[in-house]
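Chain lettering (A, B, C and D) follows the sequence in which the chains are written, and residue indices restart at 1 in each chain.
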Amino acid sequence: MSHNTFGHMFRVTTFGESHGVAIGCVVDGCPPLIPLDVTEIQADLDRRRPGQSRFTTQRQEADAVKILSGVMVHPETGVQVTTGTPIALLIENTDQRSKDYSDIKDKFRPGHADFTYEAKYGLRDYRGGGRSSARETATRVAAGAIARKIVPGMTVRAALVQMGPHKIDRGNWDWDEVARNPFFCPDKDKAAFFESYLDGIRKSGSSIGAVIEVVADGVPAGLGAPIYAKLDGDLAAALMSINAVKGVEIGDGFGAAELSGEDNADEMRMTNHGPSFLSNHAGGILGGISTGQPVVARFAVKPTSSILSPRKTVDRNGADTDILTKGRHDPCVGIRAVPVAEAMAACVLADHFIRHRGQVG
Amino acid sequence: MSHNTFGHMFRVTTFGESHGVAIGCVVDGCPPLIPLDVTEIQADLDRRRPGQSRFTTQRQEADAVKILSGVMVHPETGVQVTTGTPIALLIENTDQRSKDYSDIKDKFRPGHADFTYEAKYGLRDYRGGGRSSARETATRVAAGAIARKIVPGMTVRAALVQMGPHKIDRGNWDWDEVARNPFFCPDKDKAAFFESYLDGIRKSGSSIGAVIEVVADGVPAGLGAPIYAKLDGDLAAALMSINAVKGVEIGDGFGAAELSGEDNADEMRMTNHGPSFLSNHAGGILGGISTGQPVVARFAVKPTSSILSPRKTVDRNGADTDILTKGRHDPCVGIRAVPVAEAMAACVLADHFIRHRGQVG
Amino acid sequence: MSHNTFGHMFRVTTFGESHGVAIGCVVDGCPPLIPLDVTEIQADLDRRRPGQSRFTTQRQEADAVKILSGVMVHPETGVQVTTGTPIALLIENTDQRSKDYSDIKDKFRPGHADFTYEAKYGLRDYRGGGRSSARETATRVAAGAIARKIVPGMTVRAALVQMGPHKIDRGNWDWDEVARNPFFCPDKDKAAFFESYLDGIRKSGSSIGAVIEVVADGVPAGLGAPIYAKLDGDLAAALMSINAVKGVEIGDGFGAAELSGEDNADEMRMTNHGPSFLSNHAGGILGGISTGQPVVARFAVKPTSSILSPRKTVDRNGADTDILTKGRHDPCVGIRAVPVAEAMAACVLADHFIRHRGQVG
Amino acid sequence: MSHNTFGHMFRVTTFGESHGVAIGCVVDGCPPLIPLDVTEIQADLDRRRPGQSRFTTQRQEADAVKILSGVMVHPETGVQVTTGTPIALLIENTDQRSKDYSDIKDKFRPGHADFTYEAKYGLRDYRGGGRSSARETATRVAAGAIARKIVPGMTVRAALVQMGPHKIDRGNWDWDEVARNPFFCPDKDKAAFFESYLDGIRKSGSSIGAVIEVVADGVPAGLGAPIYAKLDGDLAAALMSINAVKGVEIGDGFGAAELSGEDNADEMRMTNHGPSFLSNHAGGILGGISTGQPVVARFAVKPTSSILSPRKTVDRNGADTDILTKGRHDPCVGIRAVPVAEAMAACVLADHFIRHRGQVG
């Protein structure tokens, strides 16, 4: 990872600010001859799109994606396929309200990147958070839609498994449920609870954190590369790069710190299909390399920093002041992180698939 | 991060296996004219060295490091300094017991990377874990000793804050205590408890996990680069690359998921020294860029997989079997991860310091 | 360099095909607070734009560039400046004639990349050369316009110094002349000769090669990094990446092979301004690092492969056939390489300036 | 390429100075299960080793290489093979004469990197040229010996084709001759001439430049990646990184600038073995991608800067002075560049082979 690019062989470069002309990305290193239609990318974007329920920001934007390069209609099959050259994707910004930013232009919002961008660059784009806006994650979802197609048989899914202190009942886990509620929650009962819980938070102008779990099925054994390109290291960096993420864990994660060696060991037995693990404390990764079991990662998202209660801060002129953030915002920004996490995991796994195929042949 | 190299401007490439001729690293991109003596590197290595208490592997090795390149005695000052060219560091392996590996040569030890290296490469170095051995981390500690000297005024310290389910009392935190017990524990009382606790685990041939906290003081505001070179993203990857690490968090980490926006906000006020934060939930990083507050990260280490109780596994020939691991091992591999974590954090911060200085000038 | 990105700290990623929706690039790592207006980029693009004389392809395209991200009006000065985030530049393709490609769709044009793209990817974009078209170089020129602003006091200029076997008279070198003829030729007399010379070639449907020289003045001493990031190595790769380039040389280049050590030595003497060289056989680079003298590089461009004389080739079905290329083309593609070379050199030098500032401080 | 590492998937990091403890390299990304014995690496090193004739520096050094990591005896075949982990190679410096450097310690030798290293880093290793010494190239030759084994059926050979103004007669080309004379010259007659020619130069304390040609046979079509990882771009950077190289060309190179499109076109015809080219002006590369024909590159090496005639220079204190270089040196440093060029080309081709296999599958 460097600057605004991630991946080593399957590389994604993103650009754009919340209130600029457009956001987009360049996907470089995608294998050729993969069928790719813009509707597939749009479908993933639509899952992430804000404004679809009262629980996400009311910014109304089509997020219509265009493919600018890297595909062509195959002269023989008539199907649009990738050509092996960079695939540029563009999403125009259409709902940059020409609002008055005088409230925040000169104040550093606590919990936001206002102060750090200013400290680093000597100025910051105060319009909607500029480059640090969650809007940038739309481009990752677009890239992820391509990445999903690289590893044969792989599926990557994510779900919200905790909101505030409230965890789902893992016995109720139903992947089909994820598409049926506005929280991407796999536990039907907890989703019903979250509806009233988050309504209360939303109405009070507050916000709350969340935990998301990503599961990749069908990952072949052998992906990942010692020592500084471990699959879990790359996943950790990829998930930590999502806005507001403050923690990442693989498999049992922090729970593993409390286990004995006996309890943590994933024992093995032969099956008709070859060696098989009897448990998956490791989250599908040992020594940085995939085991062939599902790859399981979780990450914590802090509460949205934009809240209606005034907070103490300072301004660019060095004076104490207070700030409160009016306008559209997500009471639980973790919700929209769910499809983003799928995209990031898919990109990392696609990259390692290509790398492994190259190195090992 | 790619393959066995990490860092973008301050780059560390490591090599070597547990039972090979030697391990080492090449530190590339170190600024010139930094005073560097081999004794400074050796001092850090001595902190990590096994065999210093009954709580770490009894492998007895001097871990004597040699500087092969990249330094010279300054013709005017007479002090040995870096030259700006790659600094190669070498540690010869001297205690590779010519033991009989027939017990494990053909069996996959649960929790180890045996199965995944074999799945990836078609063979694995079964002698002491080969490249996946914690021995590799000695080279990182050596590199970290150089990295510590890059950012003026920065200090990086780490401590063990949890062993199994037992957390330290943060009110007892005393950095001086860390050097006084074999656990790098900053809580004197808990250290006393760990002594008997870990003795019990050690004698039963079991093992236990741990949590380590790394704190970097004196980090200037502005380090880190959006979006895919965020300081927290790079720290997460760096810490996750340490053997047996299963989770990483920054600041409040997973705890932030349970907070409201009001509670999570790090408010600001002016002081004589400029803008100041009233709390540090963020762990010194906002939007991937350092705030000037201490950078705080924690990571979870799973229990050592080498235990005396037999576990079910399979062998390379596809037969079910059992395995138990005799011989030297760490009952809590998290202990030795403490100096390694300091080194990794120091390297990441040095890298971002150099990058920031380049981009912003 | 990797895939479609070049540079280490100042990184340029380009995308787009000759006959796709658009071409463009993402410039990542540009320092903040640099004044940047789209008219500056457009001015450089206009120099490269085809269709301006009868000596370049008659493709008529405005090549109007848009800045999509990475700039904002400075809130205090009112001047548009870079923000430190990625600058995306977009040029829409407007003159992709819906011509009939049946002539070349299934045939490999000798000297073109048709055969190799097909060999690599299993298909190729036959419309206007797809990704291998010289059209891609417009995006580099746009990136170069930004790069020119990074190194204080640096100017990068290029000129055509040879067409076919005809070299300019270096005694006639006048930089002002370069803008006055359609060949970017600094020798007024030779430019007049080239006019009739190239007319003859153009009318016969043939083509001819050329040699271009790039000179960067005001490059501070110390840029470049041993061993595999030498300034001349990076310049060589950058210039070789331009379409149809077959050779690159620095300073005396291949001529140096014929010199003795006495003749090749650039002797030094002190001046009021410090150490000074008495000659510049080295082309401003010693040991891969800039000397402070002008950096001088030259490169050879082969003749355009699209010619009116039929050539023997094969088709995708494995049959022998002949081919001749009708339609718009450049009789001397080297002409348009002049502004491209300036851009590439500027990007390489900007990258090394940022890297040097980071490493050495 | 960045800092002291080159390659993207097959990556080589080198370290060491002429008069330090040791030089060496780390080869990362080598595929597993490739038979590798130290004697194979030593054989290539022996070809490059100085002191083998009166025409290369009289430094007498065994250049004995050790493999420190990355190989093991395969448990089933008993053959030593690569494991997929980094292969570290070490060559100890044994002939660093403790000579008196007072002559050159404070003077900048014209044509050397003395001035630029000092300008960049604020100091320089004056002992034998430090990092800028040709001694570093021994490590590349070692890495190249591994790279040669990656692409099935590929052979990479180089030869000296010009010394000073004297070019070989290409009609006399005999690869077997290269091993029979101290110049790696494929033209027996010219080799005989070079013997007396270079003796004269050597005795007068002068030096002379040279041109080397590298030819890779058996390169499959499809290696190389647009646009900034073109095979010719990477070759150009790799060859330009060799000490004293001032120019690189592919195929007809600068000669192509003088050709018409008709003459430059490599026509094609079908054969029993598939599509075949009737000529190879392109040097086996079109559009940056290999054609399947031999890859042909040439590069120019300037004369050794260490000569016995005094040259004007300045010293570190800013005073005018003269310098002449006594002691061991190569009258034609181009000779020893021959095996180095083979190694660099082999590394680039191995890297692209792995990359292509990864991306295209």
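Methods note: contacts are C-beta pairs under 8 Å (C-beta built on N, C-alpha and C of every residue); 3 or more make two chains touch, one makes a residue touch a chain.
A quick map from chain label to UniProt name: A, B, C, D = Chorismate synthase.
Everything numeric here is computed off the predicted structure, so don't read it as measured data.
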| field | chain B to chain D, fewest steps along touching chains | value | 1
| Per Cα centroids, the chain farthest from chain D | A
| query | Which rotation angle, from 0 to 180°, best lines up the CA atoms of chain B with chain C, given as a multiple of 5? | reply | 180
| message | On a C-alpha centroid basis, what's the spacing between chain A and chain D, in Å? | response | 45
| query | Taking each chain's centre as the mean position of its Cα atoms, how many Å separate chain A from chain C? | reply | 38
| task | State, to the nearest whole Å, the distance from the C-alpha centre of chain A to the C-alpha centre of chain B. | result | 27
| query | What residues in chain A touch two or more of the other chains? | reply | 2-5, 8, 14, 29, 32, 84-85, 120-122, 131, 226, 356, 360
| said: List the residues on chain B that touch chain C in their complex, please. | reply: 8-9, 29, 31-32, 84-85, 226, 354-361
| remark: chain B partner, complex, touching residues on chain D are 2-5, 11, 13-17, 20-24, 26, 28-29, 32-33, 66-70, 72, 74-75, 81, 83-88, 90, 105, 120-127, 130-131
| Within the complex, which stretch of chain D touches chain C? | 1-6, 8, 14, 108, 110-113, 115-117, 119-122, 131-132, 136, 162, 164-165, 201, 206-211, 221-230, 232-234, 236-241, 245-270, 274-275, 278, 281-283, 285-292, 300-307, 309, 311-314, 318-320, 334, 356, 360
